[in-house]
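Both complexes below contain chain A, partnered by chain B and then by chain C.
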Partner chain A sequence: MSLNLDKSLIGSEFDHTEFPPVTAEHIREYAAAAFETNPRHLTANDAELVAPPTYVVSLRGRHFMPGNLLTVLNLRRGFDAGKDIECGVPVRVGDVLTATSTVHDIYEKTGRSGSMVFVVLRTKITNQRGESAAVIDQKLMMR
Partner chain B sequence: MILDLHTHSEASEDSRAPVETYLKWLQRKRAEVPIDGLVLTEHRQWDPHADYRALEDKYDLLILRGAEVETDYGHVLVYGVNRDIARRFDFTNIRLSAAELIPAVTDMGGIALPCHPGRPTVGLCAHYESKPAIEGVIAVEALNGGSRRGENERVQALIDRYGYKAFGGSDSHLVSFVGICATEFDRDIGSVDDLVSELREGVYRPVDFRANLAKRAAS
Partner chain C sequence: MTNPAAFEDVDVGDELPPFHLTLTPEQVKRYAEAANMPGGRFMSDELAKAEGLPGQIVPGNFSLALFSRLITDWNAAATVERLSATFRGLVHPGVPLIVSGVITEKHASDRGDFIECDLVVESDAGDRLVTGTATVQLRA
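And now, the complex of A and B:
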């Protein structure tokens, strides 16, 4: 592993995706798959239906991470190290959501198995009114 | 006086424990975990503006702050961090020189002590197998609540050989782990200066409350 970690990608935007309007069908499908039982997410009428808070992680932009991430960091592999979701306004039927993803942080740490690099990819999801629906920090552990 | 000398709150990237929730938990578990306070030792950082006095007053527990940094001899807890120490050492650097850090921190009014020494890769024992001993080490974390089987046991040989003092800490990253291992001091501690002084010169020992919790859970 490089002794001089290149952090130049921090702050760079690697994806900006506008999604089709949220449908009641998609909300109900997600809620059922997540074993939700609250009627607000399942059986409410379309006007009152609200997506579960974790619904936003089902949205996929065009790029999961910067195409040159592994090259810049001089690393070969990695895995999902978890995600934090800061929930914003509720997601409702008809919302047009936009996801903007940037490299939020790159840092190193050491543990029992040696040194490793963590990359935090931050995705901000906003609705058609510019309100924050969620901020998702996706961590990747790489070495 | 009993303090947990090694804890991580949500300020550390791998912890989900809010400081106040630690305190609420300790209030509830007073019988099993009779500690008087804790030291927040966040990973690779030092926030000079963090202020927990309101929480101290609310919960009647002492909250002190230190840091856990990473060196070429494993992880090290730094107590008594001040502006001089924070300016001289980049805490985000995972390759700090322990031989430089430990005496320099002492010179600048703090104390730096290796933690979880029995842990592979990031513990002092592993590094002493291939490198010379570091000058200036006063004590090691002989009892770490996050250690796996056999890791704490390795530390006794280190203590016997080098005459280090022993202390304990939970290394908690989750609320229910706070205080499971701690350090009992013969004298009272009211400030971080007191803590540094006692760790340097005082009498203390690691204490383990895991049996209390297990006994309570079984009853």
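And now, the complex of A and C:
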């Protein structure tokens, strides 16, 4: 049975955050905690140091999702169902990154346990030159 | 890390050498802090149970990072262009994990030489907890 989802939030922007300059310390801290082994993420000098591909997930804006998302969809809570990272230019020490997040999609799937709602939140991360550093799609399964 | 494999040296069906690990609660907490994921569910059993979970869980982002390491360990010169994961089950510290992958496609274009990979994090009991795919650029 269709849930007659209100899809009016699709396309809406819910966060825009500029982060402090990327530091060598945080790249190395993240890479070590993530068990990365490549020297270019860990022991290269600051000028050669490159953040690992998943470093961008550590950039958290002020809002994880639209404040009214659950109300609009008449749902209670969401679970992290998946993530997709499209990598852009490498993230380096000193980069000033900006994240802009929008509701990319809302759709319904019916499985053995009934209907589930999926929400895709898209975060575009750009550097100080306007180049794309990453596009992250976070898929939430909601009930 | 192994010596970088060139595009012409790899074939569909080649496996990325798997690695085994068992994450400790402290390693999970350390990752969550480095990744700015302050949720209690990632910090301790006690805080996770307060959120209605059976115990501390590993952030999905950590599994993505393990996929990234799998690729790096296999080929230090590889560049990850896209990385995807589907979180199929909860991953808890203390559970022996196997991270593995296989090359499913090769394609060359004006932009370079690429492979597609299927990836998985599974428990030693055979539960496929996280599945994923990657698009990876290799040197010619």
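The rule is simple: the second predicted complex is superposed on the first by the 141 of 143 C-alpha atoms of A that agree within 3 Å, B and C clash if a C-alpha of one lies under 4 Å from a C-alpha of the other, contacts with A are read in each partner's own complex, and residues count from 1 in each chain.
Simple rule for what comes next: contacts are C-beta pairs under 8 Å (C-beta built on N, C-alpha and C of every residue); 3 or more make two chains touch, one makes a residue touch a chain.
Please read all numbers here as calculations on a predicted model, not as lab measurements.
In the superposition on chain A, A:24 makes contact with neither chain B nor chain C.
In the superposed model, A:44 lies in contact with neither chain B nor chain C. Once the two complexes are laid over each other on the shared chain, residue contacts for A:9 go to neither chain B nor chain C.
When the shared chain is aligned, chain C comes close enough to touch A:35, but chain B does not. Set against each other, chain B and chain C touch different numbers of residues in chain A, with C touching more.
In the superposition on chain A, A:70 makes contact with neither chain B nor chain C.
Contact with chain C, but none with chain B, is seen for A:85 once the two complexes are overlaid on the shared chain. No residue of chain A lies in contact with both chain B in one complex and chain C in the other.
Listed in rising order, the residues of chain B touching chain A in the complex are 13, 43-44, 70, 75, 92, 94-95, 119-122.
Those residues of chain A lying in contact with chain B across their complex are 3, 107-115, 118. Remark: chain A residues 26, 29-30, 32-38, 52-54, 57-60, 80-87 touch chain C in the complex.
Residues of chain C touching chain A in their complex: 1, 21, 27, 30-31, 33-37, 60-62, 64-66, 68-69, 72-73, 76, 79-87.
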